[in-house]
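The two complexes that follow have chain A in common; it is paired with chain B in the first and with chain C in the second.
The block that comes next holds the complex of A and B.
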């Protein structure tokens, strides 16, 4: 299955980033390295995936044309008109150890092309069974062709009790005057690890809106790199991370403004409860000559437990003067006055907290760019906030 | 716009006013660094054995360390063996007892800089411990200070006269091996200032040191230690200008502040060392470690800095907020022009309960300069009720400059309230138009806007310093916007 020898794979694993790399200062991949090594030692035979029921249950929550990739294998392909789906034979080797690892091991890499106005959202369910120690790779390329518009839902789920490390690479190209809407839902097992890299490039006057929700996962690291090399591009992306006991959720974003005028805005919000750690690192780079750039970053965090840690770093690198850039970051807790107000209205503390945490997340939910996914996202968040409220009750801060 | 641009260029291109070389023979060590050099420095200063040992340990630790490369600055590799580590004015052996004995050429230098030492000291009520190259040559108002029990002297003097204090506090805030440049300083520091404010004393005047680098190829390694004992208050001013020359000069200073219970230290800096010429030739490399330790409850340390000089600035005045309710502040205006590079900011480490910190950083970047704000706000798990507000704004002037922000926030307590805001922009055409429409010239309008941009920081400076800071800002940038 591997395109490389075990020795070569081991060599790649040894080059995984460490906390000595500035970009990985807060996220330690040694557990992922460990799972990858153990998997290389054991190389368990992959059983045929038995996740049909799970897949059906999940895909029924959102009305979309679903492509299901179960344990790395493309299962169903119902492509709506204007959308083509192909397997990728020529996966680029990649420019980092994680990308090389992906390229060497990915089973069904897929390429989706969207042309014209596609009404029905394209759903992409990446489902891993994790019955035994395993590494899972996913490779997806999506091209929104000139003037096309379409919606993409990326849904990551894992089951099973065994250790698993998933490594995902998604490339989105939004061509000239195309409009792409994207939702990413990550609801993996609390014992599973994931690194994911999303690369977005934009053509002239292209528009990209995205919302990303991290609800599950044990250790999750998301990198989203957005490259604006054509004028008139408009980018707007949000992220919400809800972390409870034992979770480590890291979001790194990078926007390269190479030309102007173009705008980018991002807003990430996090709610942390229990022993957990979240990282948000937003980087906007305005290159020389990118005049007329308007870049805005916001990150807000609710820290609800003594054992939670947030590491936030909004970075701006600006190499020209005709720009408008700003960022704002806050770390705080629920407003005692608001809590008190709700309690005077007869809500108990937990219910009041739920109302307030829900409100904190609601702004992002209402902006989910794929209408069809909004209900499902809202329900998932509701469920997760309830889970988090239980910890709140045990650990009133 | 054409005339505006010309006008702006003429202002931006203004030459460094304070560039000249004072021709005083200096008695320097030959370039190079090894244990013998460390011993020689120590011997020249008649230091006790323990201090020599301290230096040697620092030197050995330094040898094992690597020069940091994470800062957003670029410069050719420094050859630490091409630098002479000690330069002292000729008069080192018999130091002048009063101003009259000071080398008149030296006084002339101060005159050129617009700081006639005695005049200024008397009129402004400022005691000046002038550091010319590496050895203190004049200290004024000593008696008045000693009446209050305040110790304000050169570091070498303190080693001789107050060894117990120096031994107790030296390296207690910035350990020898804290970082590459601090270790280097610990090994070869030449001189600096020492301040001790006894319990309950409010220092009767602003204390000030005028730094000045003179001899070519001589790195300057100052060491400043300010200790404010329980319930005391001191305001310390540090300012510097340097003569023009082509060789890069290395400066690696260490400043340590200790504030005990209820004590307050206000540390203000105006830094205007030679920034290099329009082509980036020459200029000072300024790698400074400044840290304050709020050791006692209710203590406060406030850093205010106006940074307009140096080819490269690398400094992060920081506060360790250990005592309950202690307060840390950082107010900064940094101006970079031509090919200057600055990577500066602060660290606020919240350790004690109910500690609070404020960071206001204003960066102005023009020409082809690159400037970065790099800051850390860290709230430890035990720092209940910690509070931080950070504001960092950048003003860009011209197409070829850069302004960058790297703020780190590491929060580990749920009762912490931490806010960070930053903006980057240029002076808007609307703002300028509005002012001009009111009959204000382009130059004055830009001045007003830039001064307004920096006001929050300037108002933190002692008055006489604020005036100087504004003048400096005008020299560096005045009207450089279109």
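The block that comes next holds the complex of A and C.
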């Protein structure tokens, strides 16, 4: 289904960002463009039937009220008290080719409203199959109403051997004095592509805590844009990316401090092994008059292979005086002194490396703001690190 | 148990050990003393297997095995424990996890099963109480944010749990106040046994007031220049290291 003609869609695809755009210089979308074009040529029919078992298996790992969107179709809606879920008929067209593409093709866009104190986490599973060349779109709006508090888990998974390009848009509005906790898990197939845009806006004295985990995906580009236009907002978000051979994981973050006082802090960590590339670009803009802003950003990377590449770039733009801003970026290998210490305690080199690598990730897991998701996140990371460790043994570089 | 013959070693292109020989038997406590730069810590690191140190001559055998052929982890599993002068902080790895992993590595090497969790906790609490350590330290990151004294106690705790056949304690007394020193010494003394050997590497005689050595050796310029019983340490305290240097050069 499409809201636009094929010709119009092709015209949008042709406008996808390229590496000539400053914001996209490290991430080449030509493969996504190619998949989108082939998909428009072939228009294969989708069958969502095969995903039910997968959905059941995944949702069983985290105790939450799950909404499942399989191949674009909203399946189950077990909304807890205080939560409403509706389909969105008027998807906003957006301000970029990727948003236009999303608006034209998304099937079940959904709007979630959270009011009051909702104890049970809301799970949102976005599950896409790729039996044949496919393009997947998701559109989600979540509104935490005034004074509400709630927890949201986004879980992105894809299955299948064929090419797939997924394009997701999530908008979170945390209203006055609301408290939103958010976890995003991305565990797509290693042959699949993803672009995602998360927009967060905050009301007065609103609180937003988030943790993102990129474990899968072949080529992934995540943008998170946080807009602070009301005083007293408190934002804290973490991200962890684990990349192995052939993966390209790009995280672009942007925080706009338009007024103060307000605080934002972010910490992204990456563990890279094998031939892979990751990008972290953290932009913080403190606008004129946003006095009393406190913005902190950190990005730490562990490179386990000489073939791994990281582009880490903090960008601070400050247009006012009364601010506290800090940033720190590190890129390094495992600490040899710590490795030796562990080996003198009887752990072999591989085990010692694994222990230190886990420890590097563990710092963020302990801060996952949705407690119900912590165990599952920890298990996923453990599994992925074990896969990555295989490469350590084969390639001691 | 440990036989070091004519050991020569260098680090970063500098010769540090220049023909050191030392024989340690089960049941003995040896103290290695010497001025800064005499090669005390290098000796400890070489025996533990640090690969920054290049062995250029001589031999080291432990229980008749060629120690220099073994990886650091295999030396540990054979029963060698190095207490670090500067214990390493490892945030994110909890103390209990490391203790258990270390014990299990050793047990597996000996063909024993993994330690039961309940047994482990019981043992750890017991040893911690004896060392005056709060059981909360079990769930903290390894040495993370520990004071100097807490780090050294933690080393002794690891040693007490692992029950090594040979413990080499590198400057375990440095930076300790008197209470910590007593606790650490008591921990070491509790481990003395006919099956076990302990090598204390120390700059000062002070530690030897609490742990009485069977032998005292004085290191200078990478060689043992004098050996004796505990009275040598007292003599050294009185006359200073210059006395040894003069004796060595005479």
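The rule is simple: the second predicted complex is superposed on the first by the 395 of 397 C-alpha atoms of A that agree within 3 Å, B and C clash if a C-alpha of one lies under 4 Å from a C-alpha of the other, contacts with A are read in each partner's own complex, and residues count from 1 in each chain.
We take it that a contact is a pair of C-beta atoms (placed from the backbone, for glycine too) under 8 Å apart; a residue touches a chain by one contact, two chains touch by 3 or more.
Please read all numbers here as calculations on a predicted model, not as lab measurements.
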Figure out whether A:363 sits in contact with chain B (first) or chain C (second), or with both, or with neither.
-> second
Once the structures are superposed on A, label A:355 by its partner contacts, choosing first (chain B), second (chain C), both or neither.
-> second
Applying the touch criterion given at the start, work out whether A:62 contacts chain B, chain C, both or neither, answering first, second, both or neither.
-> neither
Which partner does A:347 contact after superposing on A: first (chain B), second (chain C), both, neither?
-> second
Quick one: classify A:320 as touching chain B (first), chain C (second), both or neither.
-> first
Looking at chain A, which partner touches more of its residues: chain C or chain B?
-> B
Interface residues of chain A shared between complexes with chain B and chain C = none
Within their complex, state which residues of chain A touch chain B.
-> 22, 288-289, 291, 301, 303-333, 397
Which part of chain A faces chain C closely enough to touch in the complex?
-> 335, 337-338, 340-349, 351-352, 355-356, 358-363
Complex interface listing, chain C residues touching chain A = 48-51, 71-73, 75-77, 81-82, 84, 87-88, 90-93, 97-98, 101-102, 105-106, 109, 141, 158, 162
What residues of chain B sit close enough to touch chain A in their complex?
-> 70, 72, 381, 394, 396-426
